[in-house]
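Below is one structure, written out as structure tokens; the observations come after it.
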Amino acid sequence: MKNQLHRIDLEMFEGPLDLLLFLIKRDELNIYDIPIAQITKDFLDYVDLAKELKLYSAGDFVLMAATLMKIKARMLLPIEANGDDEIEDPRTELMNMLLEYKRYKEATSTFSEMERFERPHYYHIPATWNPQQEDNTAILEDVKLYDIMLTFQYLIKNYEEPATHSVAVEEVTLSEQVGFLNGLLQAKAKLSFAGLLEKFESRLVVVVTFLAILEMLRNRQVKVKQSKLFDDLFISRGSTFGN
Amino acid sequence: MIYLYQGVALLEINELKQIVEALLIATPEPLTEARFHTCLGDSGSKIPLQEVIRELASDYEKSGRAFFIKEVAGGYQIVTNAEFESYIKGLFSKSGKLRLSQAALETLAIVSYKQPVTRNDIESIRGVSSDSSLRTLLDRKLLEIRGREDSPGRALLYRTSTEFLQYFGLNSVKDLPRLREVEDILAEDDNELV
Amino acid sequence: MIYLYQGVALLEINELKQIVEALLIATPEPLTEARFHTCLGDSGSKIPLQEVIRELASDYEKSGRAFFIKEVAGGYQIVTNAEFESYIKGLFSKSGKLRLSQAALETLAIVSYKQPVTRNDIESIRGVSSDSSLRTLLDRKLLEIRGREDSPGRALLYRTSTEFLQYFGLNSVKDLPRLREVEDILAEDDNELV
């Protein structure tokens, strides 16, 4: 029962790391020794539910899901000695990321408190100072690089003839992308995800393709390899490929 | 003195004076009667702002404050007494912060991204004469004149100065943020959980 | 009390208090010691601003003013007392200050401790795209773009602004509480498990 996620939980996470920290705390897991199979399952349940509820496009969560599955796969392999006596735990990098994120998440609550404390106070806004002859054009309080850039963008947008390039709405479905990947894998034994990205114009297509990979991974139609967290992913044929 | 409304005490005058003072300090534009009543809500609908202002103004005078309440543009504003102008000038001299009019900012933006440019280039983008903003920017050493156009008109070419780069912590004009770089940030829709 | 400089009376304390009050009312940014001395010119070089501020602050408290002097961003500014918030809100169209989202606060926390940082630095710690938070923070001037990274990618660098210090009521980023070390977090987690 404890694995049941409620809608209320879904909206409170800032990202995949936040969700993982929540799962670790809820289940009183040891961050040094994360039971990767269990947490991967819980994490995927969450991502599925979030997708169903269309809470957000799940890009960052999907990426983490792939990472978790990769760690899980590596945990099943016999431990390989790295050099002499150092044995690299596949979970180390994830643990470090979680801890680093946790430091800032804690600091965030301090900022929240400071914000609450300062909220009721308002700074005095001086009346514009007009020494005798001064022109009355609007004086900007202070200018930042960002203002210069925005101003230029605004001016140039109004200046140039509105370019009439039609925006084709790309309709991509999960099954289309599964078919597309199947086709590519027929021709090539191994695909680079980064290489695939270059083919796509829109972020939507990237995300759907990623979801397709995830789907195929679960059906064992493909295998996914990644050498390092956030490195390129390599997709190859799985045990049920072509069935 | 206590303000009454339908026989009910609303706000005591000293409390009212404090509220009006807080509003005068925080207001970004002159405080009007209408705005004052918005701020006070139901309890304020019968209270004349003018009367409170009068009492407050006399307090400021009696206690030798360096500011007074000025009636301006249909509202009230706190401004400093004229005798301190010579000191106040110092706040705006060689200020670390840039204070530019919208016109000057637009001109500066165009020169930054399109340099070197002629006055004509600038004016055709802005659609208005940009003489005085160019002069302001040259005076403040944010722009400089660098040579002339290589065409019949031989118009003066403007570009940003070293001071401009230093102010924004840039090594060269190439380091200006490019629009493409921040397009993601500027995109209206995004995938982040808010 | 009279301030002396080489045996000559410079300014009487009451006059000084008035001058500082006028400066505080007129300044668009925190009044620093340095700016104060610019405003006073030669006659002010020996006068400690802090002392005058202290006297003025105590006057305000005694006379029940609706505002006080806040030490912020390396200087002093006039700020309204908390109790008037409910009235002041009415001055602004969005009924007062908008609160930052959790995502924006996370992004700010990372920038304030690690500045200058690139967008990549932020996203690799948060594990999510941070475009819209960055946009919000730039729009609200809590962050600013400051140059570029000195490495091949030449990514834009972000850092916190004076407005950031004002928003959180800080004198400097050095006043932020220290970030907890990873070891402390682990030690605590171990205790929880027992």
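Just so it is clear, A, B and C label the chains in written order, and each chain counts residues from 1 on its own.
Throughout what follows, a contact is a pair of C-beta atoms (placed from the backbone, for glycine too) under 8 Å apart; a residue touches a chain by one contact, two chains touch by 3 or more.
Please read all numbers here as calculations on a predicted model, not as lab measurements.
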Central chain (by mean CA position): C
Relative to chain C, chain with the most remote C-alpha centre: A
Distance from chain C to chain A - Cα centre to Cα centre, in angstrom: 32
Separation of mean Cα positions, chain B and chain A [Å, integer]: 39
Cα-centroid distance, chain B relative to chain C, in whole angstrom: 19
Two or more partner chains touched - positions in chain B: 22, 25-28, 78-79, 88-89, 91, 97, 168, 170, 177, 182, 186, 191-193
Where chain A touches two or more other chains, by residue: 14-15, 59-60, 122-124, 129, 141-142, 145-146, 149
Complex interface listing, chain A residues touching chain B: 11, 13-15, 55-57, 59-60, 122-125, 127, 129, 131, 135, 137-143, 145-149, 151-153, 155-156, 159, 203
Chain A-touching residues of chain C, taken from the complex the two chains share: 24-29, 67, 70, 77-85, 88, 96-97, 99-100, 102-103, 105-106, 108-110, 112-113, 124-129, 138, 141, 144-146, 161, 166-170, 176-177, 179-182, 185-186, 189, 192-193
Contact set on chain A toward chain C in their complex: 14-18, 28, 30-32, 59-60, 64, 97, 99-108, 110-112, 114-115, 117-124, 126, 129, 141-142, 144-146, 149, 230
Complex interface listing, chain C residues touching chain B: 14, 18-19, 21-23, 25-29, 31, 35, 38-41, 63-67, 78, 80-81, 84, 87-92, 101, 103, 128-135, 138, 145-148, 154, 156
